[in-house]
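You will see chain A twice below: alongside chain B first, and alongside chain C after that.
For the complex of A and B:
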């Protein structure tokens, strides 16, 4: 084969690979607004069977979604927004690529402005700079974040574009773990506790909450007095041996949960066999399953693993058992992907249809929390299997769920009412919803 | 007599596609203007596809605005690439200098200090990288890999748990929307053009990048030129750090994270090899960054889904890289000067 032909072949194959990869990742994407028949059909193919398929709002909106990650949850959200909510509420979505920094978020919002977007849902930057950009261009701005040091000013009303924030319910997540720890740990605490605080030291609220509540639960159960303040332990960027007056073995290990830096640190700790409880602030049970299994076999112990996780992988994790019949994870706190994404959509849609002030409490923007799901065994995980997945496209937050959060469907609805509804959504409520 | 007439008749030469591309690629000026043609075509095509919406001043200014940060960095870093060096630590240097600049501003409230400290810090760090490479005879890419970790760690410590440090939005807006940003950018850009294309500095850098042995034997100092290239790049990285801060009114742990790769990409798309050589120039990165920005915005405005945008952009990049790629010559060519 001639050299030039080889080069040409290489170029063509590279282009073919790109096209093929795109085709695989995006099986079918339509850019044009489907007809009402298509809308009804699309909506009907999901879990919900909208009775009023022809009651699509006449007014059309365009919402830009600024993404921070490129993970399965994001793919699910795109499918749910674009193919399910879009046709139901006459909304077109513009999705960003994974945005690397605030500059990229700003560039994306500017591009959305050129495309005539009406609102931005921000999963990346979540700060007043983006809100002001939206304000200058008459866009509604909603964030996926609770109040934190980087965006307190938003909740103090610094921008008239800001309609509110949505995030997982941290206190409830923390209490799930604290309660479980209290119930399942021994009376003397001799088994030892390893807590991976993950990104708590960099200000990730969820990780701070979980680590704090776990330490508080141990303190309460065993009547401990720590020599260090819990706050400083939690926020430490370095590992901390948590010294206490009862000599209970507690170790807090921080770090981004990855295979390059976090795993090489956590494995030696687990292999000591000194820790019968392993509490992780992130989804790590897949990564640590092998080492936990090996240590359990070698030391003939049962390490109880508590971790955040995803509904899609929880079933498999609960199914994996070692030679002693111990499962690789004992408690999973899972995010209901569509409940959170759906709530973000509802807040945005309310602000678009009824004004940003419709989402204010006492004249200021507020935030909404969505409960995570406490899965304590295979049975619970199996019940939710097939929901909120790309394979089945059965969405937990269906039209009925979303309608309960929309002012156009409930004219008397206010943010307090929305919060009340969201607070009622837990594992049992969802099981009841999906069984209907 | 008749036979002679026949042999003298000129037969048309039919060139193969390969020959045509080879002739095109051998033509210095054709390859110089190719990135501009691609950029112009991108703008025209998207203008037509969007029924003229893409030609709106706000859209074109938006593209320019999004290009300033990478363009500034890439213009400076072209000096480093030209003589065959690579430095991927510029992202970390940018984050570090932006952090120092923001801390200086927050302590004093002086926008002048924000600018001066950022540029001074970036320049000092780049010169430090250069010195390590020259004194210990370590390739600059190796130095960059090591110092990237160090600079990033220090930046993380300085920024702390919140993950970001803010400046007040009034100052940010004043610097961002006032005359400062474009004046500083174009002043730096023109200065680089003059130094690179109209003085012996640029010629020497290109010569060294084309054939170092030959350049040294001709009496050129590699070390001196390397220092100059890192000095100019340092100023550019510092200025880009300031642009970054005033664009979002903050410095975060993400600041500069992917700048090293973005600058390389923009440079290659702008028609310059990152391995330097005789055909190097210092505007390639800016042109390349403009192309990327126009492509991103245009594809979004046309309504292409995100997944396809990545794919289409990849195809365009591949074609441009294919056209621009050139093996280094063993000896400097006639077009060296």
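For the complex of A and C:
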């Protein structure tokens, strides 16, 4: 290689390294909200002795986490598990990259077995095949799913490794959207309703619940008679124009927002201007923000947007105003990342310390649901700003929260008690927690 | 050729070039109106959506053409786009601080173009030094670039929610198209680089024998391709507000999606030049896609629309592969008619 070429390559690579390092740097934002550790330190004297409450367990465990996505929530979970819960409870974590299918999940679990893992938290496959693999290798298996068609057998006790499942509280999520829809839609329904059912047709329970509740809410409000069963509409893999006796425009559009075809399919529907309500079962308010804004300007209409979302971007979403001066998103159902991840950790840890049966009810595995947060305005979003984010690392589900779910801290705790605690965690409870 | 004949030929070429998108527009308008009751371009939103898609498709297809026309199928183009947008975009957002919104958007675009140029330059350098087949090299580099894109910004890719709105404005899109067309037309048609490129395209060995540096030309082609796909990626990301990194060569999907407009463009380029041809090709294909998208209103799934689109591509490819046969059949007919006329004349004379 010529000298000049070597010099040029060296220069190019040095610039590339500089660029990569700068791009990879994190912005540290200062916030006045106290960190979780500070709150734990300033806890009242009514709590247990600090040295006992905060004593790190002697036994170390290793937990593998099989991820399904590469979204911000995943990054938050990794940081929360590795840097916060890990040192507190003497647990090491092994994280997968985004897993494409069951084969990838199986390969990851096998790698974890080789690395001496004690448990697997599965966000991807959530089925008995993986549970059996864990059972054969004496691992505990916990999933991020409620009972559904692909894993009913797990909850019927098919595997002794399965300790239970954790997911968002679907009925409550569905009711948030249904109630909001009932309150905010017009008397005659003339504005039209576009529902993105996302992956309901593939059996995702949350999407099925939201789509079903939305259709039921519309049916109840306007006294509609659909020509098709709601179940078949929700489970349809093709778009459905929901015909009804009152001629109200209702369109159900399926498909994963992660696919390249989703947005190009939604855009023509929104640009017709026939839909004044856009309800999405996934976090899509940012993806559709521009097209909704453009349609509102062109057609001089106000499109109300309802979507699942993340706490970190909710305040930005509510801060953006459309051409009419209204907020660009009207309702966000946000997941409290650490509450859900922390509960998964707690169930897994209880199974490791006290056996899988400690998480059973009536001799069978059960599932735990974590309430999502209903954010209907900037004020609510701003209250939670700075919590459960990578920038601040202030975790809502701090040690105090997790300890309430652990049997080693509460010997009398049972799954029913855990469910009762989780049912009490709603927006108001979280606000109270973070204000302390 | 006389001036009048030249003018006729030029007029014919212009009309031919304009007729293709016009025909697509008319056909899709009729179909959409007939089946859905709405117009193909029903509002300003449709117009801006069309402009945006044409710009991104045009830039990406032109980027592919930089190398493909010279026999180099670069399968890393998609990953270069991801790397340029994710690395360049995040770097720009970290560096801009309190700049105004417009300046921030333009800075994101420029820095992404710079990173795209570097990404392309590296691929070009590896190609000329290692002499690996372009397709194989492209696959390998795609894997590496995808991994780097994945690592940057904690696997979050590029999130532009609430940022860079100037890049969504129709006038900015128009300016971008005009600038890209002007620059690329100059480079491809009137610069030494363009002359050399066309010579290499004709016969690489002859071009090398007469003293053209085919290696530097290849590297410049890769750099231009990197810059163009970065532009395409940024406009796509601004519209969709985020660009998630992908793995497992999923970035190749952008390459294959944009081969259709590129193929149509190269077919039209016979009448004009590659840049104009590819622009018109991108416009034609995006009109087709816009029209098919309208059928969502009557319940046609996006998968069916994709099937129809690729069916059109298949038909077009079959036509292109057999295009010569139509001309041959016509010439044969003319020869036979001439032979018969000559025989008749000779028979009458004799």
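Assume the second predicted complex is superposed on the first by the 382 of 436 C-alpha atoms of A that agree within 3 Å, B and C clash if a C-alpha of one lies under 4 Å from a C-alpha of the other, contacts with A are read in each partner's own complex, and residues count from 1 in each chain.
Operating definition for what follows: a residue touches a chain if its C-beta (ideal position, glycine included) is under 8 Å from a C-beta of that chain, and two chains touch if they have at least 3 such contacts.
These figures come from a predicted structure and were not determined experimentally.
Peer 1: Compare chain B and chain C by how many residues of chain A each one touches, and report the one with more.
Peer 2: Counting contacted residues of chain A, the larger count belongs to C.
Peer 1: Taking the superposition as given, does A:95 touch the first partner, chain B, the second, chain C, both, or neither?
Peer 2: first
Peer 1: Output check: A:239 vs chain B and chain C. Expected answer is one of first, second, both, neither. What do you get?
Peer 2: second
Peer 1: Looking at the overlay, does A:201 come into contact with chain B only (first), chain C only (second), both, or neither?
Peer 2: first
Peer 1: Determine, under the contact definition given at the top, whether A:294 touches first (chain B), second (chain C), both, or neither.
Peer 2: In the superposition, A:294 touches chain C alone.
Peer 1: Kindly list the residues of chain A that each of chain B and chain C touches, one partner per complex.
Peer 2: Common interface on chain A, chain B vs chain C: 15, 19, 22, 25, 97, 100, 237.
Peer 1: Can you name the residues of chain A that touch chain B in the complex?
Peer 2: 4, 7, 11, 14-15, 18-19, 21-22, 25-26, 29, 31, 94-97, 100-103, 106-107, 110-112, 114-115, 125, 127-129, 132, 148-150, 201-203, 235, 237
Peer 1: Taking the touch rule as given, give the residues of chain A at its contact with chain C in the complex, in rising order.
Peer 2: Those in contact with chain C are residues 1, 9, 12, 15-16, 19-20, 22-25, 27, 70-72, 74-75, 97-98, 100, 237-241, 253, 255, 258, 260-265, 267-269, 271-273, 286-287, 289-291, 294-295, 297-299, 313, 316-317, 319-320, 390.
Peer 1: Given the complex with chain A, which residues does chain B contribute to the contact?
Peer 2: Going by the criterion above, the answer is residues 18, 53, 56, 58-59, 62, 65-66, 69, 161-164, 166, 169, 172, 244, 247-250, 252-255, 257-258, 293, 296-297, 300-301, 303-311, 314-315, 318-319, 322.
Peer 1: Contact residues on chain C for chain A in the complex?
Peer 2: Touch residues, chain C against chain A: 38, 42-46, 48-49, 87, 90-91, 94-95, 115, 118, 121-122, 125, 129, 148, 150-156, 159, 161-162, 168, 238-242, 244-245, 247-248, 253, 257, 289-290, 293-294, 296-303, 305-306.
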